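Chain lettering (A, B, C, D, E and F) follows the sequence in which the chains are written, and residue indices restart at 1 in each chain.
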Amino acid sequence: MSTVDIPSEAQATDEVEAVFAEIRRAFGMPFVPNLFKVMAHNPAYLKASWERVKVVMGPGLLDRKTKEMIAVAVSAVNGCDYCVLAHTAALKSMGVGDGELVELMAVVDLFSGFNKLLEGLQVPPDIGA
Amino acid sequence: MSTVDIPSEAQATDEVEAVFAEIRRAFGMPFVPNLFKVMAHNPAYLKASWERVKVVMGPGLLDRKTKEMIAVAVSAVNGCDYCVLAHTAALKSMGVGDGELVELMAVVDLFSGFNKLLEGLQVPPDIGA
Amino acid sequence: MSTVDIPSEAQATDEVEAVFAEIRRAFGMPFVPNLFKVMAHNPAYLKASWERVKVVMGPGLLDRKTKEMIAVAVSAVNGCDYCVLAHTAALKSMGVGDGELVELMAVVDLFSGFNKLLEGLQVPPDIGA
Amino acid sequence: MSTVDIPSEAQATDEVEAVFAEIRRAFGMPFVPNLFKVMAHNPAYLKASWERVKVVMGPGLLDRKTKEMIAVAVSAVNGCDYCVLAHTAALKSMGVGDGELVELMAVVDLFSGFNKLLEGLQVPPDIGA
Amino acid sequence: MSTVDIPSEAQATDEVEAVFAEIRRAFGMPFVPNLFKVMAHNPAYLKASWERVKVVMGPGLLDRKTKEMIAVAVSAVNGCDYCVLAHTAALKSMGVGDGELVELMAVVDLFSGFNKLLEGLQVPPDIGA
Amino acid sequence: MSTVDIPSEAQATDEVEAVFAEIRRAFGMPFVPNLFKVMAHNPAYLKASWERVKVVMGPGLLDRKTKEMIAVAVSAVNGCDYCVLAHTAALKSMGVGDGELVELMAVVDLFSGFNKLLEGLQVPPDIGA
């Protein structure tokens, strides 16, 4: 259970509802994710964060599927169930199957292991790396 | 400085040299990375780890560039300079430029922040996520 | 479910009960938190840990509310539900509301993101920092 | 050394220079921190990130000194030398001394330890927590 | 609930079943842990990972009990409930009691705290360390 | 460079010197590690922390070598160079060689990888685990 009240969408002020409407439209979802609802306790923070989501996840040099894969990989390493679930669902809606998800996590497994091994033995970077 | 001796390639036994030769060939590099050289203190571990690298990073459902991007993202979150440097170099050798690297890290930034916010407020996953 | 037995307060030896009595008094609570109950499997560790809690969380150069905020921020980054819940409850008992909690977590969000971005691009500290 | 080119302030386009000018003014510093300079590879990301810094670190329900302390605590747990150095310098410029910094880190020490102990023994939250 | 389908043992191809049979035998368990079942979506990854488990956890310079303790300690720091539960069960089957488990976690507590304190104050290693 | 002044041993008050003398004796070293010297900014914290070190690292149910191995493993996962260096040196002084250190880190590698894989696929614990 959240440590703060999760405001309902019906409670939103006009300022907050304007952001919520954009979020529902952008994600093609009938509801606003809890992540953004809790941010509504601080409307300026909600607004600035949503602007940044649009910039970072919107069209750019990397395609959206790659970005969603990085989102899941990062959230796995940081240990965030919420984001792992939400962005795996996004990948599935793009047609990504179980085989790809396991292959993605195999890369996370491989490097998370090597990352700690290298720290534990204090191995210096290779010349020219 | 490494906490264990980093064996030189010239010291390698035949068993270890067979793996080293494969590594140099696979990476198209004239030397074996320190990561694999320290593993040579335990040849069975070196061999099993290299076999797994080939499986995980070799041809599959995800392309190599995506895998290298995930390698850099994971290593950034885990805080491993060695792997960040090595796999950023790999991405650059594939033609990835500064703009793409910054966009990649923007995704890492975005989700690393949200991951901790969600934990700190104990926000439950959305219904249907 | 805990991997070790959680001893009941009624089972406590005199040595352990002396610490438990202090804990109940210090926190103004009718029960001893599970954190300290599991430590009772090693009474010397319980005692030394409680002494340190008193020193670190007791009167000093920082006020208690600031310390509780740091406790929640640290526990969010480390991913500890138990401590996030316990120390958010402590903040609420001091009158901290949802707006402040979200603002606290906005700082955690901001820096957790930047921390990983800087690692991922290996950005050197600024001269004079 | 950064894995991407750190653009000089002199190279900034008008769009980027407008943000840079605000940053120098806001921090009262004659130069732009490397964190923001690397972001200039993606001007929209720089702009959205700076807007969010202003919202999160600007006036609100928590005072600036508390926010800077949380910044240092979070960066310590995430292992970011850059942010630890930059925000400790900020605290010192507000008159925070070595005693307070050690007391701050004592809280980080205490909870980082307990966080992992609780995970390792799978201790459930207390009833009513 | 897992984000990917967990294949039943009955569904295993001959290639996968050969690994599964070895796993059941090695662990002396009538079933294959979910960790290995999800890997079966990528049989080459399952096989290479299992080979590595045998090398790393099999006979060597450290005894099995020490390795299981390290497994639990590492999993506590990384925040993995699954591995904490599985390898604590392994320790208990070797006769390790609650007192030893608490002492193990006391070491994890002590160093997790000091690790973050040292980062937060940027304390340099001692000469000769 | 440390963000706080590292007090010299010669500056120590009688209260601090009493702890320092015990530390030098306990470690059989002619100097006090920087970890404890920075704590001297807060003598009560130094004293309580040292008492806890004695309890946790002193004689108990686990032997000292096992505890030092756990210290290195935990510090590797948490990314603390200082503690990795100090406690690897302690292990070497007990006769632990490069082969054992690599085997220790192979366990850290194996589980750090699996820990993140399991989180990334949200794999539930096995029945009976």
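Convention: contacts are C-beta pairs under 8 Å (C-beta built on N, C-alpha and C of every residue); 3 or more make two chains touch, one makes a residue touch a chain.
All figures in this text were calculated on a predicted structure; none of them were measured in a lab.
Shared contact partners of subunit B and subunit C are A, D, E, F.
In terms of C-beta pairs in contact, the better-connected of the chain pairs C-D and B-D is C-D. Shared numbers divided by all numbers used gives the overlap of an interface; between subunit A and subunit F this overlap exceeds half, so the copies present the same residues. Seen from the Cα centre of subunit D, the chain whose own Cα centre is farthest off is E.
Centre-to-centre spacing of subunit C and subunit F amounts to 20 Å, using the average Cα coordinate of each chain. If you average the Cα atoms of subunit C and of subunit E, the two centres end up 27 Å apart.
Shared interface positions of subunit A, i.e. residues touching 2 or more other chains, are given as 3-4, 38, 42, 45, 49, 52, 55-56, 60, 73-75, 77-79, 81, 84-85, 99, 101-104, 106, 108-110, 112, 114-117, 119, 121-122.
If each chain is drawn as a node and touching chains are joined, the picture has every node linked to every other. Against subunit E, in their complex, subunit F makes its touches with residues 1-4, 6, 31, 33-35, 38, 52-53, 55-57, 60-62, 66-67, 69-71, 73-75, 77-83, 85-86, 89, 99-100, 103-104, 106-112, 114-126, 129. Within the complex formed with subunit A, the subunit D residues making contact are 42, 44-45, 47-49, 51-52, 54-56, 60. In the complex of the two chains, the subunit E residues touching subunit C come out as 79, 84-85, 88, 98-99, 101-103, 106, 109, 116. Contact residues of subunit C toward subunit E in the complex are 3-5, 38-39, 41-42, 45, 49, 74, 78-79. Contacts from subunit B toward subunit C in the complex involve residues 72-73, 75-77, 79, 81, 84-85, 101-102, 104-106, 108-110, 112-117, 119-122.
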